[in-house]
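These notes concern the structure reproduced below.
Order as written gives the chain letters A, B, C and D; numbering starts at 1 within each chain.
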């Protein structure tokens, strides 16, 4: 634990954890690419860097990938050309591999005379070791993604069927994966033995749908059947759905999906996300009570926890920080004197509303603390008399190696500083985190089925020591 | 009043009132164009069709306009080239003149050897008469906007100064205008005698700022001084601020700005918008009570009224309809069988949350009723037992001729149908509107200072009978 | 005449005269816009900066204009939308008005309730005086083009018909114009009394076609009927073709059209361009003979004159300088050390072909001399023993005020320096120009019907002294 | 040989042989990418479909590839970012692999921890066999290009150095290749044992340059040293240039490079291209004389042969068919009635020039005959009394399997029809081809060192029977 007051860190660093990816797969619907598009639209919160769909028209694979949001990458014309009965899709925020079109997914290759496409949410902890081994055997790589390692393992595995080869390939990898595979003949899906990332199975009429979250099934108007089980491998083809539990392992689902990443209208890991977040807020109110005039959320991710806090505490809920809905990725910071509008363009306090008020501000986490500092400063300037920051999760003290983009341990404010130091840095009158136990209660954990490594530094899958922080690009597209 | 049940109207029509425009003007800051950019960013909710800035670098006017959102129209490079001490800006949703780049504002012309730019929020009811008169005198028109009529009147008015000529021009027009004018030497601003549209004056250091709403002043970090008065004309130049009340008329501010259009963090017409909307919700709870398990808003415009309703009624507030934040203007409706995702891509109920519940849904208005019908249907499918729709304004029975884009009277569901018919059409168990008196109480009207024509059909400025519904383009750019 | 050797002028200046514009008009063909597109394609050599078409579909005018080449500005979709029975088109290289989209032609305005479009090839010498007068009367200007002055004069002229008003407007302007006008009802055409610029009339079936050169009629598969006469005004409408000679004046056709600008497959001013250029080459061979091994042209403009020179002299014609056909407007000069590839990317001598040879190089003109200097240097490096430069026109000593983009008089090398000084500067062993008399013989001039001002400084239409060198933009689009 | 008259084949098919590719490589110049850009600019005639450069900045490979012309694919900014001391480049017209960005070259992969880039001009006749073998071993393919096969062979070859592995890989392939390879450490080059495609070595200061033709060395201002020998493999690295003749085989250089493909200012296969084409024209005049008024070329490829014909026959040379220089790839054929402008937009006869004349038209080859038919028809309509078509090569009766894009044998008019039938089809008064012997004389062949398969059906490298006509894409990018 470091001593003394914190200096404001350098500006411009993202002060948020970033989700890795979302995947979707469809088999047996004449407009499979259109459904994949809708599914990705619903999963856009899981990755905004690139989007891609591969469909199959019965003869070959049709591919379209691009940098940017789903709605920008796809046009009506492209979707029309991709008509066919099966498709997979992917939205991405890079955790391994630079953010380049070349690294956009689904990854597609020619393989024994046909095409094979794979879309992957997760992160392998032994990818660099496997890659070195494959390169020594003469394998050529076209990207820096973990995903390509899986495909090489599939291609070089013996075995009569693709499913055999996929199982053999997955037996060699360690880490997290929720993935979908498409060939001219079948759709496959697999989830790692710990079940780090969510993956659900649904049906729309006769068509099978695989997706990261149920909100994608909702938009597709597919019925949710069940989770794909940790360690399970599925195949859908003209004979229907088959599959089996290929790998066993203790269930370790990512608790941060419930706290922040998943969409509140989804059900994942058997939990209703919206109600789980309200429960986190209620626990927080019990553990960290305070006398105040209003509870406000940081819109929009803190809303359910703030409602839970307000309902438990009886303090009125308000939405006094107004969000500008037109903030896009492309906001240009004017140069020179009038800088650092980062937070201000997104949020503005309702004028004259906070004057003289005691305010509880509920958020889901603090990463570097820079955003909280700015927002609390805005509230203070708007006249708030007291500001009580409440966080609906414990202090984040460890990075994620299983598919979330996090800063290094040293950059996590709660790893290096005490709660009191953080309170001072962000400028709150009081600061309260939810306890690990409170969090476990709120998510109704019964049997340690969650990965809480970022709060507890207990990593369920061992991370090789020599792991490179971030792999360099083999070559760089200009 | 028509009889019988309503059939669902044809799909694809916008079921919202549309704001016309937002304006901003800066004088005396070295980064005037950058400040105008920020101001437009904050006013983006007032118009998303086109955006434009004209700045002055001391020698001549620099113009940039484009179709789309502020953040898409402007790049760092463009803003850098527009450096100079004064600027005006405009965001637009067309109410007169087709939606073409040619009709993007500010409108700029060469005039007696110099340049003149004008940005206008409002709608003239006698523009077509004035235009015909000007054309007969040999005037050439390059657009179909009302704004160009004002500029021609200014150019042909006698008088020693631009301000004289502007006052003479405005003396001839009828309707609504909140406008800013820029020349190489000065910034001017004017507001119509009724004060239909908001317009405020602020200062940032020595620089004067004019803007449609205070939220723009907030983002620019300018201090709010006061409203520009109805009928007032202002000029800022190297000698400072001058101005006077050029026109007298009964104040008739647009009440719908408070109900829906203005941003909740703004203060307009001397009212705090967020608190006014909560007050509308409180009045609504008193007038239209119901026994229920929760109050939910239609995100995001209904949020403050729903909070007011919840606080007054004691029924818990929830945010159970989840908004997809990545919905852009470019969503492609997949063709063929899986159509009509309009509302579904934007909103999805939290899974399993509404099952068996009695829900109060608060919204600010019903236009055609088609959106409410879809949303209530989604809630019903999500298992809601009872659905009580509450509207924080009276039934909308008249179109707007003063700057809001509304459907024709016949398309307004409340003009043709009774509350009971509407309730049946949208599929609610009960439907309750706020009364005109309740609305007046909530906005604290004292002296009939609001235009309520869309609720009462009492039009404060006479509309010529032969007014063309929508003017044809003179020529069409491909 | 200056003394001493010339220093190489600063690089990067265009070393060519530039044509101003080309125009085309169609009346009475169901695919008028398509024909206009083809006509502009054939006239592309007359202007590469912007292109535009206005068509009429019977109801209103349809406009499309853009910066760049005809083939880049128009797409199939745009042309399809512009279907209708009449159209005018324009290609432009700016001689007055900055090179901006705003200055692209045809110029279109709303005028007495309808649309009016005008496309103009030429240059008015009194435009600035007329403009000042119009502005004083309250006229608003949207561009800096001379063309807009004509349109204002038309709009403010009295008279029962558009043709009356056009004639009154043209009575006030001085300078050169070959123009076409389109309204919902008619196509008009006019040519200035001196006939500076070419304009021809053709028919394709029942449709009338107006174009700058016959090569446009050829591509449209229209039959050439005759020239539009100097001073003539024509109108085509549903009653057919009418017209009359509105203005009288001595014929003064631009001789440089024959020497360089017009396409060699055209007939203009009653002369076959290809054969006229061969005749210029034959005269040159007679006036400026030399003993040599081969005659080569500067491709491609010097080809016909070089063939004429070769045939007259009996020296073999060769094409030893090879043109790279893929040179576009967008060649990027690599930075830093390897600069100044301007001429080299376009032309390269056939390897080992010139070694030890005596070469006659035929070109049509020398403007600044910089290009000739570079090319002769390339030939010298390729081993040529003797280089004899021959020019198929007299020394250019005066700028053009009638529609050609020329440097100022001071920048014309032949205005300031002797033939011997120029020979030294370009690095030739000998240099010979055609005489004015030889030129007149070659073009078969009988009655001083050509403007030769750039060779003789005799200007047939007086140029007002206070003429601004180049008008500033009123405002600048970013 | 078929009987009877030919019907005009269906429109829109390209009636030209297409060159495959051009390559360039630079080692040891600080602006290697800039030089590669210039080199590709000079080689643009060898491929207009896509262009790419890979440079090395000492740390890794930098890649930029795109569809279109060199000048459109590269911007100043891209080239600036690619700064570094070595680079290779490629222009492509596809002969194997669909025309997709994915198939643009140089081909780049990750290989044993580094990057490897390869640019290839040529065509392998056993690629499909090698590919099947590699796939069975688990190799993944990302493109359908022969080039990728070579790279896989290199990656899986044993051997201590890249050069060893390249030689082993090339020992397995059959067909044509002139290729360059770039890694972080070295530039390699290789040419197949027959030397089908040209490849030359040059120096600019201390930097080595490899290019398809000398015209690229000229533009780079590099000195031509010598040809890369057939069967030779070269390496340039920090120790300088090394290499050796790795493969022996009878020299079989593509004679069509001299007749049509190479730029006339190049020297390839030890021959001056311009003078070789003139020699072909002189032989043609001797073998196929005719009494006529003028000789005209089909611009621009037929120009040198036409000059040779004119000089040998004494008939005057003319350039009466005028080329429109602004014809780009994007010409839109107007729809409906006014179609089939293909040739007309490119060429137009000088008006009134051919009336009553006897014309010899010289071209280099006839493929399908459709273009000749159109051009001769234009001449006939322009009034030509007699038209004598002369071809500066023998009838083309066989497709190319060594790197030229040709139609199938059945589509070659001279395979199926007699000279008399072709003459009748194209509408000539007489038609004369050069004989195979005349062609051999003109190119000064001494020892059967040329491949003449397309004229003689004698294929120097055996083509496997089961060769697929055109490989399908593994997957298709939308």
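By our rule, contacts are C-beta pairs under 8 Å (C-beta built on N, C-alpha and C of every residue); 3 or more make two chains touch, one makes a residue touch a chain.
Note that this is a predicted model, so its numbers are computed, not measured.
Between the contact lists of chain B and chain C, the overlap is empty.
For the pair chain A and chain B, the fraction of shared interface numbers is greater than half, so the two copies use mostly the same residues to meet.
Separating the centre of chain B from that of chain D, both taken as means of CA atoms, is a distance of 62 Å. The centroid of the Cα atoms in chain C and the matching centroid in chain D are 36 Å apart.
With each centre defined as the average position of its C-alpha atoms, the distance from chain A to chain D rounds to 50 Å.
Shared interface positions of chain D, defined as residues touching 2 or more other chains, are absent. Those residues of chain B lying in contact with chain A across their complex are 30-31, 34-35, 37-38, 41-42, 44-45, 48, 69-72, 74-76, 79-80, 214-215, 218-219, 221, 263-267, 272-275, 300, 303-304, 307, 310-311, 316-320, 322-328, 330-332, 334-338, 341, 344-345, 348-353.
Those residues of chain D lying in contact with chain A across their complex are 54, 60-64, 78, 81-82, 108-115, 117, 132, 135-144, 151-152, 155-156, 472-478.
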